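Next up: some structures, all given as structure tokens.
In the two assemblies presented below, chain A is common to both, partnered first by chain B and then by chain C.
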Partner chain A sequence: MIVAEQKSLEEIRRMIAPYERVLILGCGTCMTVCGAGGEREVSFLHSALRVAQARSGDGIHSFTEYTVKRQCDPEFLATLVDRVKEADALLSLGCGIGVQVAAEHFPDTPVLPGVNTSFMGAVSELGIWDERCAACGDCRLAETAGICPITRCTKGILNGPCAGTKNGKCEANKDIDCAWILIYRRLERLGQLDKMRRYYPPRNFRTIPRPRRIVNKVRTELGESNG
Partner chain B sequence: MVSTYADSVKRASFDDSLMPPCQAACPLRMEIREYVDLIAQGRVMESLQVIRDSNPFPSICAHVCTHPCEDACRRGQVDNPVAIRALKRFAIEFGADRMIQLEADTKHSERVAIVGSGPAGLAAAYYLRKLGYPVTIFEAYSELGGMLRVGIPQYRLPREVLDIEVQRLIQMGVEIRTNTRVVSLDLLFELGYKAVFITVGAHQSLRMGIEGEESAGVVDGATFLREVNLGLKPPVGASVAVVGGGNVAIDAARTALRLDANEVKILYRRSRAEMPADPAEVKQAEEEGVEILFLVAPIKITRESGRLHVTCIRLTLGEPDASGRPRPVPIKDSEFTMDFDTLIAAIGQAPQIPGDFHLRIGKGTTVWVDPVTLLTNRAGVFAGGDAVTGPATVTQALAAGRQAAFRIDEYLHHRYPLADKQAKEALAGDLLPKTVEIIRKANRFEPPLLPPKARVKDFRPVELIYNWETAIGEARRCLRCGIGAEILFQDKCATCLTCLRVCPYHVPYLDDGGMIQIPADQCQACGICVAECPAKAIVLRKPYDRRHITEELDHVFQAAAQSRFKPLIIGFGCQYGLFGTGALASLWREAQAGIWIVPVLCVAKVEPEHMLRAFEMGAEGVFIAGCGEQCAREDTAFWVLQRVEKVKRALTQLGLEPERLQTVHLQAIDEDPATTMDKFAEQIGKLCLASALKQEGKG
Partner chain C sequence: MAKSLFEEKLNSDHFLVTTEVGPPKGADVSEMVHYIELLKDRVDAINITDHQSSVMRFPSLGGCLLVKELGGEPILQMTCRDRNRLALQADLLLAYSRGIRNVLCLTGDSIDVGDHKEAKPVFDLDSVQLLRMIRTMESGKDLSGNDLKGAPEFCIGTTVHPAADFIEPQLIKFEKKVAAGAQFFQTQGIYDLDSLRRFMQYASQFNVKILAGIIVMVSARMARYMNDNVPGVIVPQAIVDELANVEKGKGLQKGVEIAVRTIKAVKEEKLCHGVHIMAVGNERIVPEIVEAAEL
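== the complex of A and B ==
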């Protein structure tokens, strides 16, 4: 899941400063689950911005709030047309994807990001999130016992551990487990330690052509289906 | 004091709660959860109002109800049931029930006669009068009340209590004919009554069917109690035997002790476990010196030189009989003899219906009625109470009277009887062991009793009333069944599992289909998941609390706008317990600053938006005052601190000092709460000054 955190109120206030009517738009999927931009956070941000306005005494903004199921699908955004017409700017609490889809969908309205999209990760306990996937496009988890060295090793090396491992922790941060020690232990447990003895050639990240696209449908020429 | 129709509609439309087990067990379907909760908040007058909404004579029930609600109370699965009856008694006494005046207008011309003035008759008169019918009660004895007057001893139901309720009926315009035995129903119809309600009770004692039962010195329980209750003091001698194990037997035994008897033995043919009498009454009787001989039955009575020789036999318990209780079986050659001055037979009673009424008799000697319409075989003649059911409880009789009033109303207006409204689904299911484990244990406070020696001197009421502290403590034990959380907006739910992770009681779970379920019968309605749900998809079944906070805030700001106190300080204070009524209520008066309290039903329900809203509306300082150790729920303080930290972070980013938001546990500090508040106010004052100077410096 995509994990993000809300931007600081100072930054948000700077961003919205030129706009009078601001629609705060939450997202009901990842941003709700990671607690950065669901309906509760939309409402909290709304309240906080109103406090700021009341306290500073220069009350030029009027806020409205709404949360859609998913900002990354234009069909959900289509339901917002009337609300967006009434706004001078859209403060999106969706991830970077949501912000962009909204910007595409509402070409005449500035769309501002309310969160910093951080990584793809999982909850380790309530309120604590850890990165787990770098979306490198070339998954090696079968060889590394289901533990990703790209995201979980500080160096992202493919043939570990390096000399910086100490008591199972990383030299860069003693609170972080050494990913390669975790990989070793799990391979040992699975009886696949031979995978440790193999050499994995370095990966060439430059081969990733951005922006990437996945096409999962058969391209048909017009009229072709009629035989 | 009167809730209007609009109120009830408004209330109902926001109320998705399930009927709690206590209410489902109550013959009158009283809103027990609601009135107990109001007592827990110290709102006794409102509690009494809720009580009076569904009970015509709550002061009577408060003394003598057999409280089936307590048997159903799910708190019993945790430790002991909530002492509901004693709490009602508290609300009656402290809510000034005796000051309440009732009035009723006559809206209809059809006159209704009620034969018998027991609880069923009085309740029917009450409701018929409220519906606007002219009502006449016919009573054979000199005073109203039926069994309430002649059956129940004064130490359990003081006569003033009954008199006040009767007086209120007279105020409402009920016509009373005492010393009037109705001999013919035809005559009533000739007198112009359009409907008759027969509630003659069950006053005829059953006979033991043993040799010597007719001897002088042998009396039946109902007659004995009636004589005592009507002011006669029948001589019972020094030693008295009472036969039977029901409430009448216990009443007779304790009454005999209050006369001239100094030794009273109850002979009961089964064991303690099978005794139908209320265990609390049995305990009180034993404290007073009543001795109970179990598995003993009299088989022969002879009278010699003024004493009764009672031959008894010992019994043992055999197979269950038709009533489901084990059948007592005599043990051979176990006869023994005891001497008594008086023997009171209290083995049961049955109705005795005058033959001239020409009513169809149903089971035993009871009146047959249609179970839906309550009509007897005669047109316009209804019946209810013990006369129909056989001996039952006061509350059942009140319920029968109420039902009869509505059926009579329908009959007189040629309407089809409406089936009893079961508006709410009843909550079913026991608490799971894992839930029980986490619920804080708190033992039941019993109301104080007179010491046994003081009791037996006269007919003073035995049970005393709670004081504020114990009543509120007891009321807080209520688990508030059936108003827990529910996912109102399934489409909003992102199945993020926050509720599952924050619930202190481990109630929400993922079902096989991957949906979150919050079982209503386990939820403790603490409100934590409601506030923490990132999708705002969860509500409490009684969402009153949430609206309440916002409404109260608005109310406070309107009021504060006219106040000259500066700086304005808003406090969200737990409304439960002594804390809400005592310490906080007086704060705004005692402290020097403009402190305004927003009462909340548990601080776990205060959301960050509420705190921010206070600042938005101009509060210079905000505090959250929880009840600390008194809290009946888990993890409250933890979540309040989480939210406070979140708001403090936001305040800092907005350039406001985080010290403007504080949590206080007034219970935990030794000093006077007002002093604490003054210090807080002083601190806020300094912050205000500092920020004003800063502003000026900038400008």
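== the complex of A and C ==
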């Protein structure tokens, strides 16, 4: 899933300063799970902005709030037309994708990002999220025992650990496991160390000609849509 | 015919001595020129470091050109941290065209340990891929298979970490580097001769030359700092204690003593094929070490 962190109240207040009527728009999917912009966070942010405005005494804003099931899906945004008409700006607590889909959908309304979209990751323990996928478009996990060196090695190197690994940790951050030590140990456990002995050539960055597009992968006529 | 003077020595039984000079942070190269002049006739080759510890400095390639101009034998340190495959190949062509024939291929320290932590890390290639890329260029092709007008030729080396706290994955990488065409290895800092002995027992099956890395420590504080902050450095507690127990102002002397002792042991035991002396900012004492170690 996509993981994000809410921006500081100060930065959010600076962004919304020119707009009187602000609709705070949450997202019911990834942002809800990672606690950056679901219904609960929308409601907390709404209260925080009102309190801050009351304390500073110089605010001009009136706030409304709403959370859609998925901000990255135009189908769900279509239900918002009337609410958006009543707003001077949308403060989106969706990820960077949600912000942009909303901006495309409501061409006459400024859409402001309320979160910093961080990465694609998973929960390691309660309240701790770790990055797991870099969406490189050329998955190598079969060769690396299901541990991604492109995402989890700070250098994203393919042919084994650098010399900076110490106590199984990364030279860039002593709190982070060295991906290549994890890969070695798991390959050893699986009896597949030969995979680490192979030479891996330089990556093909043509798999990432930004922006990327995937066509015709969902066969909606057969009812296999992800919606 | 040998590709360089250094390669010629590499292929002989000569006990190899290399050292490194770190370029300045700035355009004033006078101190670097002084060190190059001081060292060029006392060692077999001089490495010029490539933004060591990810700290922005005068470039390695520029330093190597100075070594050539001053009549020394340079080893171009080349990391993959700051340049993609186009820039690396271009720099190799420039280096070759100006008579630089030895390259040390490195992945490069993480951006996070340096002084430009906000920079974009490149790492388009890793050290193994860089070694292979050079061999590809020697065949007259660039990395995309296009013909080169004039192919370069290099004597290529890289690093290995015999003192790593978990050696097996490092040995896999070592073998990949050998297969990629590495001719020589300058090791990370060696203090514990046992780890070097164990490594050499294993490495002697390969037809490559190993130069033991000797880092000259000047104080216990420096040793502790490097242990905590410099990638690839592991100074054993016994050495830290030895440095801690000297009188104030005698740290460098003790560091030199440890370096000389280690080099002598390596040479007398014929543990490996040479040494690579890293004085990290104290280049001026390298001649003293070379002399005291009877190299």
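Keep in mind that, in the parts below, the second predicted complex is superposed on the first by the 212 of 227 C-alpha atoms of A that agree within 3 Å, B and C clash if a C-alpha of one lies under 4 Å from a C-alpha of the other, contacts with A are read in each partner's own complex, and residues count from 1 in each chain.
Just so it is clear, contacts are C-beta pairs under 8 Å (C-beta built on N, C-alpha and C of every residue); 3 or more make two chains touch, one makes a residue touch a chain.
Keep in mind that what you see is a predicted model, and the values were worked out from it rather than measured.
Novice: For A:59, decide between first (touching chain B), second (touching chain C), both and neither.
Specialist: neither
Novice: Applying the touch criterion given at the start, work out whether A:180 contacts chain B, chain C, both or neither, answering first, second, both or neither.
Specialist: Only chain C; A:180 stays clear of chain B.
Novice: Based on the superposed arrangement, let me know which partner A:156 touches: chain B (first), chain C (second), both, or neither?
Specialist: second
Novice: So, A:137: does it touch chain B (first), chain C (second), both, or neither?
Specialist: Touch partners of A:137: none, neither chain B nor chain C.
Novice: Just checking: does A:38 make contact with chain B only, chain C only, both, or neither of them? Give me first, second, both or neither.
Specialist: Once the two structures are laid over each other on A, A:38 reaches chain B alone.
Novice: Which partner reaches more residues of chain A, chain B or chain C?
Specialist: C
Novice: Just checking: does A:146 make contact with chain B only, chain C only, both, or neither of them? Give me first, second, both or neither.
Specialist: It touches nothing on chain B or chain C.
Novice: For A:18, is the partner it touches chain B (first), chain C (second), both, or none of the two (neither)?
Specialist: neither
Novice: Identify the residues of chain A that lie in both the chain B contact region and the chain C contact region.
Specialist: none
Novice: Quick one: in the complex, what on chain B touches chain A?
Specialist: 491-492, 494, 496, 498, 501-502, 532-536, 608-609, 612-613, 615-618, 646, 650-651, 653-656
Novice: Can you check the complex and tell me which residues of chain A touch chain B?
Specialist: Going through chain A, the ones touching chain B are 8-10, 28-29, 32-33, 35, 38-41, 43-44, 47-48, 50-52, 54-55, 67, 69, 126.
Novice: Inside the complex, what are the residues of chain C that reach chain A?
Specialist: On the chain C side, the touching residues are 81, 85, 107-113, 121, 123-129, 132-133, 143, 159-161, 164-166, 168-170, 172-173, 175-176, 179-180, 188, 231-232, 234.
Novice: So in the complex, which bits of chain A are touching chain C?
Specialist: Against chain C, the touching part of chain A is residues 154-168, 170-173, 180-181, 184, 193, 196-197, 199, 201-203, 205.
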